[in-house]
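Two complexes come next, and they have one chain in common, chain A, joined by chain B in the first and chain C in the second.
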Partner chain A sequence: MERINQRLGALSALPVVLFLAAGFLAPLIVVAAFSMMPQKVFSLANLPDFSSYAIMVKEGYWESLLVSLAMALAATLILFVICWPLAFAMAKVFGRFTLVLTIGVVMTLFVSENIRLFGWVLTLMKGGLIEGYWRTWTGQSFDGLLYNVPVIIFGLVYVYLPFMLFPLAQGISMVPDDARQAAFDLGANRWQIFREVELPLAAPGIMVGCLITFVLTAGAIAESKLLGGRAVIVISDEIERAFTYGQNWPLGSALAVTLIGVVGTLAIFGVSRIDLDAIMGRRR
Partner chain B sequence: MNLVTPARLLDEKAGVSHSGAPPVPRAMTQTQPILRIVDLKKTFDEFTALDSVNLTVDDGEFLAIVGPSGSGKTTLIRLLVGMEEPTSGEIWLKDRRIDDVPANRRPTCMVFQSLALFPHRSVGENIEFPLKIRGVDAAQRRARALELLDVVRLPQHYYDKRIQQCSGGERQRVALARALAFDPEILFFDEPLSALDFRLRKMLEKELKDLHQRTGKTFIYITHSLEEAMVMSDRIAIMKSGGFEQIGPAEEIYAKPKSRFVAEFMGEVNLFHTRDGAASIAFEDVSIDPAVAKARGLSPEFKGYLMARPESVRLLAAGEVADATADGVIESEYLLGSRMQYLVRLASGYKVTVELSRENRVSWEPGARTRIGFDLDRAHLIQEA
Partner chain C sequence: MHLNRRQFAKCVGAAAGLAALGPAGKAFAARDKEMNILCWEGYNTDNVLGPFRKAFPGVTTRAESGTSDPDMINKLRAGELKVWDLINVNQPWARQQLFPENLIKPLNKERFLPYFAKMSPEFSAPYPLAFAESGELIGMPQRYGPFSFVVNTDKISRETAEDQGWSLFLDPKMKGRYGVLTYDNWNVIHLCMTAGIDPFKAVDDAGVKKFTDTTKAVFEGAKMLSDDLVAMNTALINGEIDAYFTGGTYTASPARFDGANNIRAITPKSGPVDGKGGCVWIELTSVVNNPDGSPRAEDFLEFVQKGEIAKAVSFAEGTYNPVSQMGDPETFKLWNTAELDAIQWDSLGEELKRSVDFSVVPNYDDLLKIYTAAKRR
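On to the complex of A and B.
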């Protein structure tokens, strides 16, 4: 009986496995293979070399990678700080109002990211909403608030907020109320309850939220293009330009493989540290 | 070990010095109230959960607060530990008013019904938690935790065990050890044994009573189980719809309940109401010789119930006499272990419960006529409110 179940299980998993193999694994292998081709070739029928990786190191592309990772880290940390109180309120305080908030936050995802970012461009640019009104009222002008690193990070925080908020709320709802109350009763203050009880018990949600936001923001491109005006060049921008303007598929592939490698290692490390079963509501 | 305990913190704030004064043995000290509750009231919107209750608890006492669900006992304990704020009234701990002190600054702590152990911490870390919060260093914490494992009769190697690996009874002990590590002035219990099976519960009840005697701390224990309260406590407070119905030693509450509610809550009971319009005192369902009633000092003006516990009622043999008697038919028989219980239907239809020790078991046929009886010195009068 068990053997039949196993066979049925394997059989029903087959379509998904095939789909993932064709749609996810195959392109990844192609990209990995291209990253080891000589410069500016468009075929895999060449002798492999590591010239792309050498160029990446020599010509400073790694700086873009570092910039992306640093901005992703900053955005993730800011999002954690912003979302914690909100997620706490959603999980423990708001009650029925949580649903309204959830719908509100999810609705923003229905509008294209680019359109929302253009909205901010109109708000922040010179002659836009903020600078325009300021000039009308005070007679003084300034350069507008766009085209710098902080505004890119602001954009990342703005766009990726739901991806931190919901896992965090899920994580916080996993902290039993009585554990929090017991800690309070045993003398812990608000900060100690946070550090000793809430943080470790909500860890799966925190980890998932941080991973998702970090992975997404590390690969984000629109924020730096629209809000940052290329004040800094992010790694996704470099990859896009290598494939299109630069016509150098192997270099683009090498950059992509490096990004996937760094972010993937981090993700696997993170996932291995948490109890995914707990967050799915299964018993340990 | 000179740990800073909340009790000590409180005394220092009040200007009481600990230095020099030798410890006084408990027996020599005058018992003084450790807790005083004055007109404590708590309302939730329209609902009055606690209606102006007053209570005084002596230092070192084991008080059980018993009541059906919804009687306000959980609200009371939450007010006492500081998890709810009272609507009005005062709570005094010794000489200090504490009703506006938050739970984490009160020198009291509670063992939760769910135990509320920290699942991400080991047994030892759970026990050490209050010490860690207070900033006690790791070595001292560990030493104290190991001591407390001993106090609650858990082996030392449990220090590193995970909470999930502990059985229900072991978790109880961990929760207790954690509360003791806090070293509270008063230790509250919110029905911590209710989830355990019968045998384990019985064992832990006795251990808890024993622990109370060894530590000399004040225990306030909430339960809906009267048996639990009777086994462990010095005094029992019976709660009903937001107020105390009766407070006193278990024996007194069992034998001399002040109201019908308490009488029925304290276990099975036979109640006979006074009969209206009778010339002298008389009760429904049972007959009492007026001369006997007079000799026993029953006032003819008395209105209320005559109460007889099942163990006070006998099945009378032919010719046997008792102060109060009635004819009836045995309906059923139950074996309670060491005792036998009979349900006797009287002529009036009222069913009397009779309890005998198992050696006095009677042989009976269904529908067999019998006489029940009890003496007035083993009965109790409950005045009608």
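On to the complex of A and C.
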């Protein structure tokens, strides 16, 4: 009976498995296959020569990958520091006001990322909101605040804030108040409670928030283009350029596969260390 | 209605069968009632499509605007050959990529050659780059424009910019005062010009060295890079930069039409290509080699030759550009003074004389590698 059940289970899952294979895996496989092709071909009917990977190393594309990963790491750390107090307040302090805050943060996602970033361009540019008012009030002018690396990281922090905030709030809500109070009663100070009670108990939320923001920021492109004036070239920019102006699909695919590989490994490593069931509120 | 499981399965089976037959049936139907255009912004506006829809009632016309030539070409390469009937890209992409790879097909010369006679003098010969090496007419030219660089004339006078030409960007005084509009293929051509090399001839080792040094110097001196012409114009207007490398009437016209007449596209007076230092782009609209192409494609191509439609294409939305049909005096009357000023009509003739058509860059791949590496630093 059990075997029949298993077989039936597999059979019922088949349509979804096929759908996933066609819609999710197939494009990835095509990209992976293209990445092995000789330079500048547009069909998979060629003998693989892996030249794109060699070019990637030889011609410095790895630098863009490092730049993207470093900025993603910086943005993730900054987001964690900014979001922790806010998430703590949402989970433990604000009560009903949390809903208002949640709606407020979610609302920003309804506006296209490019439009929000262009709003910042108008704020930060020379003659924009900040420099313009400063010049009017003080008579002194300074260069705009755009086109550098810190402003790109600022853009990443701004755009990806909700993706850190909500998992973090979820994680913090898993820390029982009793545990914190018990720690207080036993003489722990605020820092000890944070380090030894809250951080470990909220770890699944922290891990999910960090993973999501890191993965998204590593592949972000608009912040570097709009705010950064391409002060540095990010890996997604290189991928886009290879597919378009470069007309070199294999190189673009190799860059994409490498990015997916690096980020995917980090994600799998992270996910394997957390208990997803716990964060979903289910017991095993 | 009560449906049991068996009946339901039957219905689903029948529906699936019909769905499978559907597209097959459609593929064999003549597509004279629909037409799809893949184009740069302009041809997809109501000003252009509206009159066509009125003239051809019952024909479903769809247009999608691409953000770059290679983006649009990628769509055809990725299997959308069956979707599109017309494609509108810059001349070198049509001649070097689309036609050799059978993605577009030749036009009917008897039908289209007569339209060249009424075009501006540069095109009426007819325009040689609308033809493939083998002599076939591969597309109709309409929008065009000089494309070199753009300055704010309040900071750098037109005369200075034209006299100094490309070396403006190597002037130590300009360090940190200009941006680079990163249209990669154009940048490569313009960097060659800045290095004093003819991009349309094979570049030797000494030339590659010069190109490398120039590219590094231009990127090091640039305050910002962007592939967005609005961002460039904004930075130019608010004084963040005083010039941008790679630009022309196409990029300057929206700012000029908004009243910023100090933003001006510049064509250098001299340069390394037979003494010329400017470049000009020309779009070709071509018929896609769609196995089931719509006969309305050539009708549309003919339709946009009309004066008022050519005007609508010239002043569609986003950017404003001269069109080859302005050579006809009757058509020319449709532009007012402000519009002519936006597209720098006053100097267009002399700018074209100082410009070369952009064509094959023999060392493009090698130069692009150097360019990409320099941009990263």
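The rule is simple: the second predicted complex is superposed on the first by the 269 of 284 C-alpha atoms of A that agree within 3 Å, B and C clash if a C-alpha of one lies under 4 Å from a C-alpha of the other, contacts with A are read in each partner's own complex, and residues count from 1 in each chain.
Assume a contact is a pair of C-beta atoms (placed from the backbone, for glycine too) under 8 Å apart; a residue touches a chain by one contact, two chains touch by 3 or more.
Bear in mind that the values here come from a model prediction, so they are computed numbers and not experimental data.
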Overlay on chain A: chain C relative to chain B, clash or fit: fit
Angle, in degrees and to the nearest 10, that opens at chain A between the C-alpha centres of chain B and chain C: 160
Chain B versus chain C as contact partner of A:254, first or second or both or neither: neither
First (chain B), second (chain C), both or neither touched by A:187: first
Which of chain B and chain C A:157 touches, first, second, both or neither: neither
First, second, both or neither for A:207, with chain B first and chain C second: neither
Partner chain in contact with A:241 - chain B first, chain C second, else both or neither: second
Greater residue coverage of chain A in the superposed arrangement, chain B or chain C: C
CA minimum distance (chain B, chain C), superposed complexes, angstrom: 46
Of chain A, residues touching chain B in the complex: 176, 178-179, 181-189, 192, 196-197, 200-201, 284
Chain C residues touching chain A - in the complex, by the definition given at the top: 68, 70-71, 73-74, 77, 97, 179, 182-185, 223-228, 231, 234-235, 238-240, 368-369, 372-373, 375-376
Chain B to chain A touching residues, read off their complex: 6, 81-83, 102-105, 109-110, 112, 114, 116-120, 129-130, 132-134, 164, 178-179, 182
Chain A residues within the chain C interface of the complex: 42, 59-60, 63-64, 121, 125-128, 143-144, 146-147, 225-226, 229-233, 238, 241, 243-247
